[in-house]
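Each remark here refers to the structure printed beneath this line.
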């Protein structure tokens, strides 16, 4: 009696830590702590389960479990620590797959224990299917991310085929449940079918869209876990699973409109590779493709930079965004960011155009730096914000003897760690979110190198 | 139909929990800045590692002579651990970029 | 009552005490307005403009003869005084402290005179305050004049042909004129510094984007908005504090005045020697002796490369606006003193009391 | 069987509507719809309960219930519709009391049905106590709001006494539960004790703080409802109750720091009447007392205004807030608000001071209106924002012959529907929330008439 | 102690629901602009009118001859209705000020 | 090589082609610099300033004799031409299209000349573009001059003494000068309107806060930044479109030029009649005949109350900055043409080709 209660109690705590953890993950300041909290809860739950298990257990089994956990920990930890930043998304995808697999396996094992009990069987099957899909899907995603799989394979009426398969699987699942059959064969059949579907599902999607896919699969795995939880009437699994399921879904959508494309077009690969938006905090340059980003995003990027250089151009004048930029500057400085303006001698349409603009907002004269002096600074600059400038940061002046501006000295923004280019503003004055309001106004940005 | 009805009225509270959990999930994500998407995803990913508990339960439940189940279970636990540990560690690493400056 | 508007005779003076717009208002209030021929010309008001609003144009003598109230900007001159008598009520900037003889003359004639410059600096009097309205414009024009005379431009410019560093402007005296000068120079993109004996002006100067040079040990209190004379010791400290900026300055504008006193010398010849070749000094206090030792009223002195231009706080050159404002002040003033076109002579009232210098030949203020 | 399920199902829906409703209430745009949704859910639940009740019921009872509901509806509706805006808080307080009472009564009735079953008794007693407190408390609050009760009664060591009583009640409650006694006497004793406590609890608190108190009692009632729900294992009551309980508590705190004072100081009346902050959207002028308000608050107020006039003064220049104000102006106009600037001839420290400032931000010249012309417009202006101006809006110029500015013409801002005065800014640049960021920077406002 | 333990393990799901509900409550309020405080309070106030259901249940449960219970119940229902109806209507009126301009 | 810096002899000219700062740079690059006595005086550069950086001061004759490269701003004059020979490389603003006779003379002498004004308007040439750098300053000064001459102030002011309405400024020609004029007038708080034949200037003008007056049916293409001559019909349309603004304007600045042509007449005497009493016109195109029919170069014509001031695009009065920029342009130019102090004579290069008017007595451009 005693320990049950305490186990349940531990689960309770665990579930709460998940919620808190996830919540805190939503805010830059608390994100890290949030992660730890959730991790703590998890550990608690795991050990609780092992040591407060009622009923006799062979030491062998204990040792097995122990072994599995130890090995898993070592590998997981090691990999996670070693792999370098740009590979992060691959990892996430990998681990997600593991989770899915684990869920699927549970299904495989438990199946024949519950034959007859429709409800449980249904649960098991569901968990199995989803788990498998998310497993195989993640693996493909992984392959695509690290480039093993390059071009999206897609043949006519691909989607139709896919959907048919999916329906088949589901139908089959229902059949198994209803029939109450105990055939292992069926079980493995559906298992493999699900795996196959996972592959087919991800195959046609462009590499740039993978993050979205992963996030989607992620919430799948969540569901799988929830089903397992339901099976055992195990609260922590249930809650945890559902939580990830719902949060994951929302997240998926959030990601989609961060790269403003509808989920559908992602899944059914409506866009081709080229223009495919790519997920924000992923720095690895996508060959030639353009990264869109959101204001709040760019904002955070700048908030956490140590040094930001603003490159104003004619567009700033056209948009009359000088005040806005100035406020942004003040904001960043409050946050302890060093801000400078790089003034190109011919930025704008008349000599000293930028000076006139910025003087209007009382930008401190010392912050305006001439091209010669600032060019050396770019390399130790975290973020460059190019606002409505173009020629003056156009590398063509260096590289392309053909170009009309060839030979014109330019600002070497490429040297900076990251670059944000702000082009033609939508309707300025439109109120955005959070402290990025004004910044946001004129901002629909292109991530990557200057060029339009 | 009845099955469904019965099911619902039997698991009423479960259903409440599920629904509420969904709400919480949605609310909690609210509107997160895009930079946090990846860490968040990865964090969530780690959390659904709870399946490991299922895996553990399986093993605890199986008789030591059922080799298949055992080995499968073993794998399950292993993978689950990977998911959990790896997930949290990766997330943490991602989040290092958010360390506040002095 | 008949109001007579006289033409200013000083040659540099381009303003007129009542503009057509205001003449109209006066007429609407029931006054008759008589304008001396060509009074408005140099403020770009044609005689016809006056006639259009219902005023009558007269020769000078006639104006004196026909009108009860005589309005002017500058003190009445000899010939003018000859023509006035005990029925006349005169209104102008008399600066009675500086012109006791004129006061006597007027008293002798048994006339009555209000002096606009004697107006108390109180909030409700602000709309009659000619000093404010005029020195405000003077501050603006001083900067324009400076920019015109300089061989450099004000703003910072980073161009393909190199960077032009912004001009440095230094302003002595952050009164109404000083503040407007700061604002204008700042608008044109100069780096502006300012200093004043009254500490409360620090915040004001800064609110317009100027750097305020604090003279440490600064402690001269101000009475009702005006500055007291500065102590020897303060003057010394001030020079030390300011020199650094003075010697870098491209344009210096001085507005420091102490009412009814010779204005303090803030820039000595010695200091001028150390100033930049090509620098310009605009001395708005020249009329009262000048803030710069070298400045001569209405003259441009060039001393080792430094142009020193002596002028006054009265913005003669922006005559159109200046006249408008002065006229509006007058209107408000007359309005305030009269009730359906008759003077109230309410001597308890602070404004009436302080501005009424001579009443029916009796000198009230000296 | 059938109908149970459907009843449960209805409850489920109801609970969801509450959550949604409350959520939507949190956003100006959706607030109204949210309210309706919740109301709908409630109706559903009520009728569901009545018509899907299993087991035989006398028509008499049905008719009684019907009667009660009809009467209640008529009265409630009527009152709510008739009473004028300024009396709203009173009403809320009243209705809250009703709820409390209802909960208490349930307790009274059910008591002897459950004698012996400790858990239920405990629940009943708890519900009874809380319900009663919130009832009597609300009544006092009501009395204080409509001024029947003027000055806060407070005698030495009042709080100590209060707390002692509270403890006594609780102890007694526990005793009843444990003892399993069935004495009605005890029951009523504790009932009245609770009532008394409610009175004592609210008595010493200043009228201006009532809204906070009501919000607190509100969450109490929520709890009471939850207990009742627990008693009947009735989900909708449980969820609804808890929801209100938690939400109400948060709200209470929110209110407290909206008038930035700690809850404690409100309850233990640390402040006197005079300076007591008062709740935001309540317009009735508190004699001489000052209303603080928050940026987001003022923001909304202006967003929903049709016409806003901004009165700049010297403070604007000192704070160099002209850009900020300009951005605010643009923002409001995007929202379709008409914005004008009222320029007092002597605002600032030099003639045309304000013109210089605003020209710097390119404020449209047509938007700057002279005193003479604008004074007539104030009366049909919804909100006036006075930024760092003081003398120029100081009625003393009209009323107080003693004052130095007597006789100086001023801007008659008093005529406007609501006035926001912005005085000395804290550190500009600190990033606030939502689109009020910049606005917020310089804003800690005083609600009410100009004076400092 | 045992009582408590027993209680908890018996009503485990209830407890989950309660906790989750609290979360939801907190999340939902998030940071509301102060102008909305009163309407929100009033809305919540209306919601806790659910007690009326309790009151109704009581009446439905009581035998028609138990006058005291009946009359008390009657009052309870009446008050409850007041709370609900009044609450919602008032809230609605308050919210009129937020009608969007065309 | 020796670079000779000549004093400009035109009386109104206050600039010098090389400032001490740049002289220093040239010397560092290994050139010898010889400066004519007093060349820098009116730009506020003393002879000693040049000597300090290592240049030598010489009499005019000596400068001609000793140096290979002769640098000037304005075209060479008679006496100057006498002193040159086939070894001389001359650099100045020759405006060769307008001065064929000078070109011939130089050719006759067998000398070589680069003309700065012939520089192609391409991006990489911007840092040698004297037209841009100079007309930019001219635009600024034109506004200052205007403000100085006007009897009104620029900004809107709401004061206790009534409201001053902002001045209205109208700008013809939104080139470099025009844009800078817009910027400056705007800074001072005026209401600015502008018009130009090249449509692309609309956005540019608006980006500086001016209202652009579009002449409907406007369609004159521009070639490499310069305007083509306008058609009769355009001129008519333009007047209609602009009149309304013109007759309200307090200050008009015209910068409309078509290279190598008489500049278009944009304001007729008839139009002037309808302008405000007291309005001011600054005609920067006066040198090429002027955009206003009445304007005379370097003269102030007053026609029924309107002041018409004829001047040029060369900002002589802000000589200090102007010289600095011109000098920087020269430096970049010389730098570009030479390799370790020897000319490359790379005639394929567009810049060399277009600026090299006469080479060793051979006339390459007319």
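Just a few scattered comments:
Order of writing sets the chain letters: A, B, C, D, E and F. Residues in each chain are counted from 1.
We adopt the following convention: a residue touches a chain if its C-beta (ideal position, glycine included) is under 8 Å from a C-beta of that chain, and two chains touch if they have at least 3 such contacts.
Please read all numbers here as calculations on a predicted model, not as lab measurements.
In terms of the stated touch criterion, the partners common to subunit D and subunit E are A, B, listed by label.
Common partners of subunit B and subunit D, by the touch rule above, are A, E. Steps from subunit D to subunit F, minimised over paths through touching chains, total 1. Ranking all chains by how far their C-alpha centres lie from the centre of subunit C, first place goes to B. Residues touching across the subunit A-subunit D interface largely coincide between the two copies, over half of the numbers being common to both.
For the pairs A-F and A-E, the count of C-beta pairs in contact is higher at A-F.
Taking the mean of the C-alpha atoms as each chain's centre, subunit B and subunit F sit 74 Å apart. Each chain gets one centre point, the mean of its Cα atoms, and the points for subunit B and subunit C are 81 Å apart.
With centres set at the average Cα position, the gap from subunit A to subunit B is 17 Å. Shared contact sites, meaning residues of subunit E that touch two or more other chains, fall at 13-14, 16-17, 21, 23-24, 27-28, 30. Among all residues of subunit C, those that touch two or more other chains are 126-127, 132-133, 136, 155, 157, 159-161, 164, 187, 189, 209. Residue positions 19, 23, 235, 239, 320, 345-346, 351-352, 356, 359-360, 362, 433-434 of subunit A each touch two or more of the other chains. Across the whole structure, chains are in contact as follows: A-B, A-C, A-D, A-E, A-F, B-D, B-E, C-D, C-F, D-E, D-F. Subunit F meets subunit A in the complex at residues 122-124, 126-127, 132-133, 136, 176, 179-180, 183, 187, 203-204, 206-209.
By the touch criterion given at the top, residues 13-14, 16-17, 20-21, 23-24, 27-28, 30 of subunit E touch subunit B in their complex.
Per the touch definition, subunit A reaches subunit D in the complex via residues 320, 323-324, 326-327, 330-331, 333-335, 360-362, 428-435, 437-438. Within the complex formed with subunit C, the subunit D residues making contact are 314, 317-318, 320, 345-346, 348-353, 356, 359-360, 391, 397, 404-408. By the touch criterion stated above, subunit E contacts subunit A in their complex at residues 5, 8-9, 12-13, 15-16, 19, 23, 27.
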